[in-house]
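Next up, some structures in structure tokens.
Common to both upcoming complexes is chain A, partnered first by chain B, then by chain C.
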Partner chain A sequence: MAPKLHTNPNLSKHLKPLVWVINVIKELLKTSWRTTSGRIGLTIILIHIVLATVGHLFAPYSPTALNSNKAGDLISLSSPSWNFLLGTDQLGRDVLSRVMSGARSLILVSTCGTALGIALGSLVGMGSGYKGGRTDELFMRLMDGLMSFPSLLLALLILTTLASRPIDLPLIKPIWDELLIIFTIGFVNMPRVGRVMRSVTLSLKEMEFVQSARLRGEPTYYIIFREILPNTMTVVGVEASVRLSYAILLVSSLGFLGLGVQPPSPDWGLMIAQSRHYLVSAPWIALSPAAAVASLIIGVNLFTEGIRQARGLPQEDKP
Partner chain B sequence: MAKFLIKRIGLIGITLLVVSLAIFTITEILPGDVAAVILKQEATEETLAQLREELQLNRPAHVRYLDWVGSALTGDLGASYVTREQISDVLPRRIKHSLTLALFALIFGIPLAIIAGVFAGIRPDSLGDRLVSTISLVGISLPEFVTGVLLMLLLSSTFHLLPPSSIMFPGETPLSRPLILVMPALTLTGVLFAYVMRMTRANVMDVMQTHYTRTAILKGLPLRIVLFRHVIPNAMLPTITIIAQNFGWMLGGLIIVENVFAYPGIGQMLLFSITKRDVPMLEAISLLIATTYALSNLVADISYAILNPRIRLT
Partner chain C sequence: MNTNKQPTTPKNTVKNVLMEVKDLSVTFYTARGTFRAVRGISFSIERGEVLGLVGESGCGKSTVAFGMMGYLPDSAHVEGEILFAGENISTMSSSKKRLLRGNRIAMVYQDPATSLNPTMRVGKQINEVLIQHMGISPQRAKERTIQLFKDVGLPDPEHIINRYPHQLSGGMQQRVVIAMALACDPDLLIMDEPTTGLDVTTEATILDLVVSLKDRVNAGILYVSHNLGVIARVSDRVAVMYSGQIVEESSVKNLFENAKHPYTAGLLNCIPKPPTEDGLVTKLNAIPGFVFPSIEQTANMCLFSSRCPLSQTTCLEEMPQLYQIETGHKSRCFFSKDIKADIWGVPEPLTWQENALTDKAILEATGVRRFFGRWERKYIIFGPKVKPPVRAVTNIDFKVKTGKTLGIVGESGSGKTTVARMIVGLVPKDHGQILFQSEELGSDLPSRTREQLSELRMVFQNPTSSLNPKLPVCHSIVRSLRKFSGFNREESIMHAEKLFEAVGLDISHMNSRPEELSGGQQQRVALAGAFAGNPKLIVLDEAVSALDVSIQAQVLNLLAAHQHEFGTSYIFISHDLGVVRYVSDDILVLYAGHVAEFGPAEAVLKTPSHPYTEALLSAAPLINPKVQKSRIRLVGSVPTMHKAFKGCFFAGRCPRKIEGVCDRIHPPAQTGPSSPNHVIYCHIPLDQLQADQN
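Let's look at the complex of A and B:
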């Protein structure tokens, strides 16, 4: 690949950020893999990713199909059997297929939301930290204001206000629900990421290489993106994996409250919410998505724990 | 210190004002007529006009906002759009319910978490530590609604020990039927336990490394005395701050937990007002939660400064 990149210097220049990101991810995976927690966590995450990407090929039924027997009656609330490995729900839909296809939207939405949050937070945090003075003060007060809400409340407020005015563009209409949640997650994560990135920037900007870039007369955007940003990558990596676990928590909680992806699309949170009425007669409807969402978050947290252990970072928990 | 307090409280005030304005503006620019949403099928030209008149929707938005701020400052939060009850009549009962639940969870969770944290922290990487740490990792990872539903399945559907939901009939208080508090409180405790335990563990580990603790151990003091005289008082400083922070954070958990168990507190009310577009109620509850959250963070910072004189508040 390398010689090819050299033939087009512009391409390699544009690909640079991508290369950083890939390197950071590689580095994080390696670091985490050195510890037992990391290995367990990564394995769990991997299983989830595989199920989310190719699971639908093996899913025995459509996640939204209402299954009925030969006589035409709905097979609702059927207990786990060979036909329905994890049973069926109140509408005769296959729980296994629903859990499998629910993984994809949850993982995709949480990851995109986290990425957006990291991007927005880095932009605000680095800009504000580098500029300093009044701008910094103003931005930080704004972030404080946003953080004076529990993240769930902030997400609820953003989501409800935006959700009631759908935009009628043909391209984004089918994924409007998902886009909304991604934006919400990104926005909620922004101030928390911003704080971290600001403090990193504050310490980096006093370093010699940044000072000399400034003396060379480089423009601000160059210093921020070319000098500071690459050196924050390790911090960004850890922060991203912490944020990801909160994002999954938040997305599934929103689903539970009925404000996530709208039915009939399968959503783990919503499945659990609806299963509450059938806890006595059909506990499997609740157990499968509960196990799925719990294992996914445990996996991500174990992964983060692994990085912290390997790097000797303190356990910090701030929702 | 006085200057710090004035500055912080001033900032909280400004934040709340901005927040209230933001919520008001956003709900104002929402498409759709509030009156139509409330009346639904019963909407006719006549009833709509009447309701608009009643809710004073005909007046310009900024007048309504200033009016609302003015009366909110004097304790009059207006009437709910949906039930038409005065919010300042309805809300206190809800707050009392939520507060009972939160305190119940704190009383359950904090001592347990501190004991577990000390136990894990004095012997890091021992079998006991691994066990406690694993439990706390699971506690942090499980969303409240998962813990809640699992508890329901176990304690109510399978063993029939507790009532499946925490619905209260008119005239009942949580304390008149304390059984309905158990599951919601346990659910809230789950996450709280994990955070406080992890912090306590980390602090105990730090203090165990200090010279004075080593000296105390090496001069032959029994472990019990080392723990109670040297380790715990010093390790508790940051934990107290964490508890204050968590109190604010628990409010987010309340929204979920109250909806899992249909417990009539502010969290359930909040979701109700969101789905019904009950703007005055939504505004009141959001501001209430934001205020509590900001104040508990302030208490956390102050307690930290009082307990640790090395920190200077500016």
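Let's look at the complex of A and C:
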């Protein structure tokens, strides 16, 4: 899984962790591909990624265009027809085009948020598990405190607190909203990842190879990152994909509550939120983005299931 | 259920074949390939005899045992016949097999803890078997259970039936499992390494039980073990397995005196023997090479030929049969007539024992103590103190001489590993002083200097977990070299290659994953890592206990050679007295965290010795079946060490306890007669001990 000790001597030292992460992801994909559910899940995810990246090129209309008929009237709330395969919304925008391009920010934000959550959680969990004693006790009680909030409530709390401060940095300003959501997702995921990583670390730190690294006088960071971390990769992989599906749900929920991407850009959560007034008269507007979110989450879950099956890990699920 | 018991026949008058295995082959079809675990073996077991099945790990002995129970998984393809009372088990329907199991064939597994249901009282577990299989009333079942517990030597059976498995010691659990196996008067008892996880003292009592069962129970016993000493103790006949074949079959006496297969002769040579009368230690003659791979489907050659000193062209062209040499003695070798004890070379004496005659101590421990845990109070931080800390090691003193080996022996729970960990600094000591090369060692790792770390190394018991499974095997060696010798990456890799060769490994394995190496190779890598940085003292915590005898001999030779060349000192910790006796210059006997006896090896092993040492010595299984040893058996297990001992720490189990003295007063340190460095902590005067022990 990890690269061999002295291959690729030209590779600069700083790129190594990146290569290593890519190798780990490759390994996870391969593992999951070995099972049927993994294959189905990966296919679904792949379709979503393709749509998110190049979907707008194939979309029949622009996702933000207000379509009108020859007479100049808005074609609003039109039911699915050959012209508009999934119908149009209250402003006459093509639902299919919006669904096809609405995944981009969602996928990006939830993936980055999960990655941040894994990173933060690993750091806290492994550090506190390895140190043990009072440090461990303190960190774990903090994590328990964070976990006692429902995730959505915690996310709202963080977002509303942080979003009230305007930011004026030129580079960051255009993506400030996304960054905020990424940070929120990361923070909400941190305690759960931390717990899992701590328990793995606790069992690994008693292993004799860790003891012998301590006897070599290796520093703590070296033991954690070089000796323990590579052995947690299966757990991290499973945890990451479980967290990813929750992150997607959370980001869509935030969008639904109006705290995600701002209109008029297409976003599944936002679309559902805006269409809820027309649920009876035009259910297709809500149904299509909802189905899209659901299929993405199902895809991620099937992928997780694939890794679990291939590695023979027990089934477990926690919110 | 009608079991059709034969009337008891006097032994050796009527041949009464119980189980016959004819040309049995077992092949496993798995995702990782096809493995031929058993290659055409035949043997039979008679009523009232114990057949020992011995071989190293991976030779297929457990597969045979499971095959006889009909327990092989679906991935196993079985050829040949396993006939029990004329019926073939391998083709039997599963309902019929179920009737046989428990009723007529019973099995005792290696780990008693997993054979018992942890949520049920042990008596009830046996009652259930009796009610199910024998169809008797609950009242009679209970009576029978108590009787069975009496038969297997469990003390106070009326109370033990109400205990849960975790309330019993390992030895008692194994007795319960044996009682359960005997519950339905089986015709055949299969014991798969029943004493492997137990302490020597417990093992000895279980072996006594098996030997006595042989006469009392009218059944055949198949005893599977990797330990030749154990096999010698219990068996009537022995079958030696190698690479899925039986290579030699004979009576126990014949096998150990007159081995007729080179493999058996080699195994006997590998077992560490105590120094001879004139104090000479002989080098072990390890069997070179590796076991014939089971992934090879067919082989038309002698499977042992690649490792055999007598190998000739015939051996490579034809598979030898199991030739009859004399009545009851078969060997699978073309040249069995040429086999003598010295085909593996005449054991050379290790002469270097004398050239390092310094008595200077490299490590000196005084009053070292370690308690685990704190006083626990009833309500976390309030209330009365309810649970004291565990007194793992209590004020012990010892010395390691420069260039010499100190052996530490004791049962599990005696504090050996805690001592080892305190020396290297993995577990901080509470009290006392450890001087290393006349400098005081800090109690934890950060307080030690880099020199101290590099000069004081440790090798762990489990070779698999002492290497990081995700990193190449050379990783730990390269890191040690970089840390301790100040080499850069390229230099360390170069030096690591040298170390790799020094421990007898191929450089091509440098970048392999640990899982690609065998246990013996992994332990060599761990040794190479310990040798890096020129250590002065290596602590070996059960470093050879997990290895097969032939591999163990290779590692012991390697250690001896390294000591000879570099003058390294070792602390050698083992529960196996045979190995400790072979390697040590000094021996420290620990019991319940206290020193029972400490002194030069020959003084400790000779009389007079501490009653605990005496018990350990008499419990250790010997490979020479002729030697009748004094039988001292300890009952019970090491006490829980929550309280300080009022009198002697060993008083609770001592067979020579003096009432009124030993349980009141701490034992005095008595100096042994042969050496001023020999200390025995005992109340009994040494003269009297000597007289009692001879």
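By our rule, the second predicted complex is superposed on the first by the 307 of 319 C-alpha atoms of A that agree within 3 Å, B and C clash if a C-alpha of one lies under 4 Å from a C-alpha of the other, contacts with A are read in each partner's own complex, and residues count from 1 in each chain.
Heads up, the rule we're going with is that a residue touches a chain if its C-beta (ideal position, glycine included) is under 8 Å from a C-beta of that chain, and two chains touch if they have at least 3 such contacts.
Everything quoted here is computed from the prediction, not taken from an experiment.
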Touched partner set for A:F256, first chain B, second chain C, both or neither: first
Which of chain B and chain C A:S203 touches, first, second, both or neither: neither
Which superposed partner A:N23 touches (first chain B, second chain C, both, neither): neither
Chain touching more of chain A, residue-wise (chain B, chain C): B
Partner chain in contact with A:L153 - chain B first, chain C second, else both or neither: first
Partner chain in contact with A:L302 - chain B first, chain C second, else both or neither: first
Set intersection of chain A contacts, chain C complex versus chain B complex: none
Residue ranges of chain A touching chain C (in the complex, touch as defined): 1-2, 4-6, 207-209, 211-218, 226-227, 230-231, 233
Parts of chain C lying in touch with chain A, wherever the complex brings them together: 424-426, 445, 448, 450, 453, 457-458, 460-462, 465-472, 474-476, 478-480, 483-484, 489, 493, 511, 526, 529
Residue numbers on chain A that touch chain B, as the complex places them: 141, 144-145, 148-153, 156-157, 160-161, 164-165, 245, 249, 252-253, 256-259, 269, 272-273, 275-276, 279-280, 283, 286-287, 290, 293-294, 297-298, 301-302, 305, 314-315, 317, 319
Interfacial residue positions of chain B with respect to chain A in the complex: 11-12, 15, 18-19, 23, 26-27, 30-32, 137-138, 140-146, 149-150, 152-153, 156-157, 164, 194-195, 198-199, 202, 248-249, 251-252, 255-256, 259-260, 270-271, 274-275, 286, 289-290, 293-294, 297
